[in-house]
Amino acid sequence: MTVRVGVAGASGYAGGEVLRLLLGHPDVQIGALTAGASAGMTLGQYQPHLLPLADRVLGDTTVEQLSGHDVVFLALPHGKSAKIAAELGEDTLVIDCGADHRLEDPAAWQRWYGGDHAGTWPYGLPELAGQREKLKGAKRVAVPGCYPTVSSLALAPAFKDGLVEPEAVIVAVSGTSGAGKSLKPHLLGSEVMGSVSAYGVGGTHRHTPEIVQNLSKVANEKISVSFTPVLAPMPRGILATCSATLKPGKTLDDALAAYDNAYADEPFVHVLPSGSWPTTGAVLASNAVQLQVTVDPDLRRLIVVATIDNLTKGTAGAAVQCMNIALGLPETTGLSTVGVAP
Amino acid sequence: MTVRVGVAGASGYAGGEVLRLLLGHPDVQIGALTAGASAGMTLGQYQPHLLPLADRVLGDTTVEQLSGHDVVFLALPHGKSAKIAAELGEDTLVIDCGADHRLEDPAAWQRWYGGDHAGTWPYGLPELAGQREKLKGAKRVAVPGCYPTVSSLALAPAFKDGLVEPEAVIVAVSGTSGAGKSLKPHLLGSEVMGSVSAYGVGGTHRHTPEIVQNLSKVANEKISVSFTPVLAPMPRGILATCSATLKPGKTLDDALAAYDNAYADEPFVHVLPSGSWPTTGAVLASNAVQLQVTVDPDLRRLIVVATIDNLTKGTAGAAVQCMNIALGLPETTGLSTVGVAP
Amino acid sequence: MTVRVGVAGASGYAGGEVLRLLLGHPDVQIGALTAGASAGMTLGQYQPHLLPLADRVLGDTTVEQLSGHDVVFLALPHGKSAKIAAELGEDTLVIDCGADHRLEDPAAWQRWYGGDHAGTWPYGLPELAGQREKLKGAKRVAVPGCYPTVSSLALAPAFKDGLVEPEAVIVAVSGTSGAGKSLKPHLLGSEVMGSVSAYGVGGTHRHTPEIVQNLSKVANEKISVSFTPVLAPMPRGILATCSATLKPGKTLDDALAAYDNAYADEPFVHVLPSGSWPTTGAVLASNAVQLQVTVDPDLRRLIVVATIDNLTKGTAGAAVQCMNIALGLPETTGLSTVGVAP
Amino acid sequence: MTVRVGVAGASGYAGGEVLRLLLGHPDVQIGALTAGASAGMTLGQYQPHLLPLADRVLGDTTVEQLSGHDVVFLALPHGKSAKIAAELGEDTLVIDCGADHRLEDPAAWQRWYGGDHAGTWPYGLPELAGQREKLKGAKRVAVPGCYPTVSSLALAPAFKDGLVEPEAVIVAVSGTSGAGKSLKPHLLGSEVMGSVSAYGVGGTHRHTPEIVQNLSKVANEKISVSFTPVLAPMPRGILATCSATLKPGKTLDDALAAYDNAYADEPFVHVLPSGSWPTTGAVLASNAVQLQVTVDPDLRRLIVVATIDNLTKGTAGAAVQCMNIALGLPETTGLSTVGVAP
């Protein structure tokens, strides 16, 4: 089986990572590559690490360029996916790396992103309870945000098994590639190297409602989330420190059992041996999720530290994983839990 | 007035930072520099950035070397300060950058550090309510830990004014110099660059009881603290994200008033203008504390983000600040709120 | 065809990178993993990024552990390979990532490394003229040093075609992983982050004679090399700036033709399009060599800038490439020119 | 004596560093701060590390704003200084951190920068033979470029004493702040962290003619220079590896004597003890130049490695040093050889 794949937004970080993974996928033939302002240039000018595609010329992001593929990955700015998806037809598998089809509540979309709600697509986090089934045979997939991926996987087992009170505190330290290639002063190398900063504090980051949606669904009740993202001087990786108060009578053993039960059969999610704690370096460029669970006895607070590569499991790896599921390929094809270190 | 100063532990990061500041202090004459295994070598071999002292030969850390100074800074491993301090005599101002004399509760010392409790010295965080007075004329000062400094300053006004419930969650991202020059594999450049990691999770970091002690004292009740340190790929700086639930009826305006009240007259603590958030880069090599306060309305959770340079305000800057206070010099002599950036 | 492979030195950076590549090699079954002081521990404690092998226990580096494999990779400290190789028998393919069997001149070995010369093995730089043939069917391979790899590939075509005078100046900026996991103060993260330093200046680095050997062989005359390594704050990658004076009558066009002639058919060496210059980031974790050629007209000096990942093409990737050649597998199996960026 | 100082270009990196130093200068009162597009904003929004000036509002860069000061520092884009300087009047000391008045040869200016040559001002590198005298009482000073500063100081003694042949090879590794705050994709943190790249290869960097001018002047003959700048993942610092062939009969001892002779009395230039090599970290935020000299015996090549902070001695520190000289203040006032490390 050979799948012909087009990628819209090939000059950006998410698009580049999709292509990096597709180049190692045995069942994929890479078709059209499109871009916005970069159309007409070669891919090598934007992605010099993708040597086998260096001479490919970027087309415009139009239905003409993108039609005729079995799969189209959209790595576009928020708000740009709905229109092109509508034109691509129902028989093309469209996988949206953007936010447009993640939120189920139109009011939440309106509040956090603005504009018309484009509707909700099957949510591409197969490790969330019941979610994998919905992706099989799907023709539209909304890839989760990077922070919601790591945060939801870190806390879902605890909420699903009713171990913790319905209020979580998450501080997630991220590399800079999550902000994309946008030319903003605070993203200059001179600014970010040697410096850590907080942003989107106080519940103002747009990934917050997506985390709330995921955790509330597995908990079957409204979960409140205090989410603070922190920018660290590294290109890739997220390390999320997530915590919530244990309910009376619940213990660390209950938690360990819940996480083992949730993830023992998951190919990409790995609970570390006791005493080991995650580092983003260990999952770099891989689709792995590494996490560790403990309880602070003084506060009876469950603490889960989880890490992913924001561009791989946090974006492009999840997109390829969902493609595999949707097409009926083995879920791990072209993906790996082997990181690049040091 | 010229003060003759000796520094024990001059080859390490804390000792080096003390010397960097003393070289810019107009009232100080630098006397003996001592070390452990590095005794007999020149300072230049360990601190090539301290050019004016490059040819100084390091002595042994003994009372013979260190006596005859008006002030002695101890930048020694934990557990090494008490003995040398006892020998130095009551008329020498001894400022201990280590942990030995910070904890008031002997049981806490025993639990977290082990061995005999060396007694408590005046605690060198003058910005904490009532603390400055206790440092005036003191002959012994215990410099706070770096995490307790930033965490306590971030939350003290809220607890002092009874604005929040007695349980705080702190996630503090730190540069690597806080770990000193110890040769451990996880501190190698190849390991830390491009990677963020959590450690001391679940209430196991030794700075936790010091934070609890400080906050409980200002709150006049026992405060519980969930403290998680995170290691980031930078040499210096700590950014702490601290939060607690607002008590019923309390508001962001109450909080802003509390912080303004606490810090308006403090020379080193600066609440940023609304909309600005701290970065560690802005306080690099300075004695400044920058912080910002907000409330997440969905959870009614007060969130304070604060940043310091762990080696300056977090260690050596605080030590010099306390020396100034103890000796009756202007508190800011030789110190600055001007960071090095980018 | 399935090849059973053992790896000695599995807990270090070179051994870890060999394993990372072998995990993606379709024809390899990973057998014994051995170590020195780390024997008895699990691989996961040293290489948390190699999740599929995390539970493997490290054995001692002995012939008992390593016999019974088709291929054995040695990633050992210099001077440790000869003895174990002698015991492994002639039918095992032994690939030495260390320096022991690179230098042909016993006097050079004695001068630069000391001790007895262990003899010379086929040199694992297939892109060097005539070298690939010597690797086919070989049972012993000496993997080149990282600096000699990038330096030799940068300058060999110019010397082979007699374009430049016999004196080269090379300044090569490297990430820290080239120094391995040795616990030295100058390799601590706090020291290397934010700082660049020179070392081994003045012809004192041990890779110098290996570069001289390679270039002299292709030039058919003695080439002198001024080689200066520089340490930069990144874990991986080398960027070498290499130059030599053009001989009278020779031009940039001659040089471009020489490089095109040398590398047009090479799967891993890529001369960039005119106007593009190499970055180490573009070859990270790949086996690619990217280079660019120009002439400074004021001095008639040929300048070649070349980049590799020191752990991949500079060590482990070359080792796997040589294994492929020696065993008659397609040379690129399990290897890639696709880097990880950003 | 109190000098009233204005700074044009206060929102950029060079302007910010000028202000950081002026805040520690005992004889300076900081007057107008001006900017281009940032005019009307507070300085705190651009330079959060300059806390004491955070509330200052940036004015437009006009003669109205800048007149009435004893000294005006211009930290403007190339080509913007001449006009404003002409309007400021002869009694104001104008110190230009830009390139406009460095090159003596109008043809060189035309070739490398384009447009009309604005004329040459006294060149602000007092350590260059005879240069200090020309700065005393000067009313106009052209601050050298960062690469020319470190390169010229590294090689001037050798050329002055006729020790080396008239052709030098320089490879200088720089942090990113040298490129300023310009929003270019290759300067994004995600691109520069973990990656080293060459640029301006082949004699195309605009600092080349300035190095040639300096070295030719001290040598009293035309010196050719092959200059290659390399970008490294750090905000500040330059490490230059400079080399040239020793003339027959000349030795390392001759070189050491030349450098000792040149710099023994210089307050900021320091030749390291034998066996020590410079690191950029040791000079961070200081006005120091650290260098080391050796000879590669195989090639009889003199190699000098020198390091500066590009923003301090490479720009703003030199500017303040020149102000001190021009005004007759002690040359080191407000400046230091103490770096910030780690």
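As written, the chain order gives the labels A, B, C and D, with residue 1 at the start of each chain.
The working rule: a contact is a pair of C-beta atoms (placed from the backbone, for glycine too) under 8 Å apart; a residue touches a chain by one contact, two chains touch by 3 or more.
By chain, with names taken from UniProt: A, B, C, D = N-acetyl-gamma-glutamyl-phosphate reductase.
Since the structure is predicted, the reported quantities are computational estimates derived from the model, not experimental observations.
Colleague: Using residue numbers, check each pair in A-C, B-C or A-D against B-D and return the one sharing over half of the contact pairs.
Modeller: Answer for B-D: the repeating interface is A-C.
Colleague: Comparing C-D against A-C, which pair counts more contacting C-beta pairs?
Modeller: C-D
Colleague: Distance from the CA centroid of chain B to that of chain C, rounded to the nearest Å?
Modeller: Chain B and chain C have C-alpha centres separated by 45 Å.
Colleague: How big is the gap, in whole Å, between where the Cα atoms of chain C centre and where those of chain D centre?
Modeller: Averaging C-alpha atoms per chain gives centres 37 Å apart.
Colleague: Please list all residues of chain D that touch 2 or more other chains.
Modeller: Answer for chain D, listing residues that touch two or more other chains: 13, 177, 188, 190-191, 193-194, 233-236, 279, 281-282, 284, 341-342.
Colleague: Should the pattern of chain-chain touching be classed as line, ring, star, complete or other?
Modeller: complete
Colleague: Flag every residue of chain D that touches chain A in the complex, lowest number first.
Modeller: Of all residues in chain D, those touching chain A are 13, 175-177, 179, 181, 183-185, 187-194, 233-235.
Colleague: Any idea which chain B residues touch chain D in the complex?
Modeller: 13, 16, 20, 23-24, 44-45, 47-52, 177, 193-194, 235-236, 270, 272-273, 276, 279, 281-286, 288, 290, 336-342
Colleague: Mind listing the chain D positions that touch chain C in their complex?
Modeller: On the chain D side, the touching residues are 167, 169, 171, 173, 188, 190-191, 193-199, 201-203, 224-226, 228, 230, 232-237, 239, 241, 243, 277-282, 284, 292, 294-299, 301, 303, 305, 307, 341-342.
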